[in-house]
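Okay, so chain A shows up in both of these, paired with chain B first and chain C after.
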Partner chain A sequence: MKKNIFIFTFFLVSAGILQAQEAGMVHVKEGSFVPLYGASSKRPVFVPSFYLDIYPVTNSDFLKFVKKNPEYSKSRIKRIFAEKSYLSYWKSDYDLGTAHPKSPVTSVSWFAAKKYCECQGKRLATMDEWEYAAMADEKRTDARTKKEFNEYILSWYEKSKTYENPIGQTFKNYWGIYDMHGLIWEWTADFNSIFLSGESRKDKSTDKNLFCGSASVNATDLMDYAAFMRYAFRGSLKAQYSTRNLGFRCASSTKPKI
Partner chain B sequence: MKKILIVFSLLFSLYSCKNNDKKEIKPESKKEISDLSIYNLPSKWTTQDGKNIELKDFKGNVLVMVMIYTSCKAACPRLVADMRDIESKLDKNTKRNVKLILVSIDPKTDTPERLKTFAIENHMNQEPWTFLRSTEENTREFAAVLAVNYKKISPIDFSHSNIISVFNEEGELVFQQEGLGVNNEKTIETINQEAGKI
Partner chain C sequence: MNKKNIIPTKMLFFIAVLFMTLFLASCKKDEAVNYTDITTDGEMNAELTAPPFVPKPVGDRKAMKLKLNMEIKEQEGTMTDGVKYTYWTFGGSVPGSFIRTRVGDEVEFHLKNHPDNKLPHNIDLHAVTGPGGGATSSLVAPGHEKVFSFKVINPGLYVYHCATAPVGMHIANGMYGLILVEPEGGLPPVDKEYYVMQGDFYTQGEYGAKGLQPFDMNKAVKETPDYVVFNGKVGSLTNGNELTAKVGETVRLFVGNGGPNLVSSFHVIGEIFDNVHVEGGSTINKNVQTTLIPAGGAAIVDFKVETPGTFILVDHSIFRAFNKGALGMLKVEGNENKNIYSGTIQEGIYLPEGGTIQKMPGNSTAKATVPKRTLNEKIKIGKEIFGTTCFACHQSEGQGIPSTFPPLAKSDYLNADSKRAIKTILHGLTGEITVNGKKYNNVMPAQNLSDDEIANVLTYIYSSWGNNKTEITPEMVKALR
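On to the complex of A and B.
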């Protein structure tokens, strides 16, 4: 009898682990941080706890999605949801061609990324969530003031075609998440909340932060520069854009179900 | 057996995650919605009168759209003024084919009641004006289509792009006017031209 209970518990536990793995997400604890951009007067932003995909969505993941939702295939997607370069490196609707199945899917529009996550019962991460999870290195939740960490990020920005690499080959961060830096750029739910043209009113001071960062070089400037690159990139995007170095991963506010 | 099949296909259709943009094969609809049309968006909206609508309910009109929020004190009154200025200069003969729509970027605050009050205060509670709100997610998506950026910067304040967009009869974006109090000749010309085609 005891043995049976043991086996039963063992089964339950392993099933639980399997489930979590299949869902492919990890829990990110709540916390506050001061993002480079978006917090008025540099006040910390509170990020409630959430779940984030361990890896970016891969070509083979996305292929499954497209097969189930043919209206998101490269020949059938409506132009309002994606520009012509959508999945341009795939051979055809259901053929990855020379693309590695385990490489991150890129050249996907915001609409397609959003739909993919919805179909998994998930959503795209907010920019604050993404930045919050991305400031962790292997050992700590916030490594932004660490010189090597910033140098690592900036050296990646100089490398070309990292999007062709398979997922999971960069470092595993504090939360258990891979590839936040070193592989691709990623869509966020509210990418279109950035102002770079000075058309906004109250964000003027932050605009100044963005554009005048180079005027003084101090300890936090490397980190600001790395983040500046991300925010500037997001600010230049439109939701239909499908660029080769831009992919995504999904998030969830609640525990993922399988 | 048939029953099982039905249940199964129902399950399957649920599983394929609300395929909102399934082709609507209504016999009465003459043309399919064009690829670039905002009528492809499945989002639901509520008007200042509490009426639930979809964007495609506006089909067959030229739409002039702007995103605002009613508690805004700085840019929005000027944006609203710009909209009224456009409206006052439209060609009288084709004006009936034009709808001017103000979409809230602050759905939490801008309830239909609040939009209604705002409409009355601004003498815009009649044709051709409509005020719309939806969920935060739908609003974000709609803004993405319009290439309007916005961000909540305090509980009552937003930064946002000042863009007025013109859509033709098919719901395709044909013109955008960017900035406050800018010259609106080209905007009006485009609206009149498109409204004349209907």
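On to the complex of A and C.
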């Protein structure tokens, strides 16, 4: 009987996983980690289990969304929700032009990304969720101390125009997620919750977090250059910004419906 | 009552002293001009130049409002032949564009981050008085522009650099340059002005390792650079890119050091700096051989060139110059001035014991003939000679030093003509030659080796590193001596 229950549970769980995968998401188990920034007193942050898109949102995905929601098209989006460079590389409102349909959509504002996820019944990942899922390599949930892993991430900064690559060509991580590193930057729900004044040495007394010197004063791991860059990048953004290297993917707290 | 009077007297005295001090202090202050109150007159766009050039001098123009547009680009460039590096640049060059202002100018700075860039950047100008030297106001995301303005109130030569986290990495990738604040009336006019800036680079491969080399943060933290160069790459000031001047001209160099780590001992071989603005400030030192330029610092040096020739710019921490790339050239053309430099007047032989060959008694059988050697023996002896005589320039695997010393490995120049190779060792070689498609213009002195030694070392070289295995005999050498 006990065994039966176990099998039954197993069946349910695997069915759940299957279902999630069909919706293009995988389950990321709960856990805790110490992020580079944002953890007060450097104590671990607890991340409850969640679901995350396997791939970043592509041009063709986003085109479908824009067709359904014309107020998010290039020409019609309100300036307070996205600046001029919004989808600037698309030929027109509903024409990708030379952009690859399977490449990640970039040059989208935070408002548009948020709306897209809401329309899918999802949401943007929190910064902690994103960082938690992104610290996994192929085999481990936390590969941050592995030299090659950091070098891989850093080497991306030196490759140009990776945003033109199709999704799914980087490595598949422990959770089954692709392209967390090596393709594009990604929006998170609370991208600006940590303030980088831009002067990474200072940010000590006032903003407590990410300025130049205080960047190092408050960081948990000074050698984690890869993470430094992500936090610095997020710190330079505003929600209406859109840049050519910045896309997004969606998350969900509950099991996604197909 | 009496007691009460005493105190005010004391106080009066004290107050008098206080006033005297203040008065003296204010007198002293008057000598240093306060530039904060200078009003600007008119507006213009600032001229920016890529190294080694500088914008035209300010002359006696009034303080103005300067509009300045600078674009940040992350781009692939060449570190040395066959070695690529992804540079982060202010204005598309390393060091970044040269900014020239005069004291009292108001600069409206437009910092633009190219949309294809991956990272946010900012700028900290050491010439700026204000939080972060502008860095706090200028963090700019890719595809965006930030505008801030400042008034330059201290004359001097200043470094600017990116100060976005991780700061060291942004600087190590080339994000630095110079901003000059000229005094009222400008610096004294000279004939030639150039912009030279040193930087250290950290790559995953060693010096010369081919391909696109990523930044190595471990080496950067340990401060062990693979490259120490002027103007962002090996050979930026050699091989056709030399600085030039004519005899009799005065040359001014604006020299900066971006670091991120090393301090430069800046020296020009064969010249003495007539004037050095120490650390880029107002103190002028005269007749200086080598001036120290701190990381994140600068110096203005000038000197009159009196004789023609090639003068070598180096970091006199000399292995950096000959093994890591910190070497540039200033070519001076014109008539020789024998009063100042004679050139070689006479070549003679120097024998401290007098001209006669002396022998120890009893050792009468002087070795006159060279034993017949097998090929393997020759190669073995030749390798030892190479290790002591040739290797410093041509390097252990005969690879040479790009743009400075030609390679011996797989060398078309070497394999084409063995007689020429022998003559080169016997008599030396000066002037431009082409080896494996690359031009070299340098001097190799004649080597003080015997016929047998030359035969051995050349046989070793010809039998190594993909060369054509020519065997050289002492007789062949003797015939050409």
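Operating definition for what follows: the second predicted complex is superposed on the first by the 211 of 258 C-alpha atoms of A that agree within 3 Å, B and C clash if a C-alpha of one lies under 4 Å from a C-alpha of the other, contacts with A are read in each partner's own complex, and residues count from 1 in each chain.
The working rule: a contact is a pair of C-beta atoms (placed from the backbone, for glycine too) under 8 Å apart; a residue touches a chain by one contact, two chains touch by 3 or more.
In this text the structure is predicted, and so the values were computed from the model without any measurement.
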Chain B versus chain C as contact partner of A:S160, first or second or both or neither: second
Partner chain in contact with A:T170 - chain B first, chain C second, else both or neither: neither
Between chain B and chain C, more extensive residue contact with chain A: C
Intersection of the chain A residues that touch chain B with those that touch chain C: 199-202, 235, 238
Partner chain C, residues of chain A touching it in the complex: 85, 88, 107, 151, 154-158, 160-161, 185, 196-202, 210-212, 215-216, 223, 225, 228-229, 231-233, 235-238, 241-246
Chain B - residues contacting chain A, complex: 16-19, 21, 35-38, 40-41, 74-75, 140-141, 143-145, 147-151, 153-154, 157, 159-162, 178-179
List of chain A residues in touch with chain B within their complex: 38, 40, 68-69, 71, 78-81, 110-111, 114-115, 118-119, 189-190, 192-195, 199-203, 235, 238-239
Footprint of chain A on chain C - complex, ascending: 74-76, 86, 115-120, 122, 124, 131-132, 135-144, 163-167, 169, 212, 214-215, 217, 221
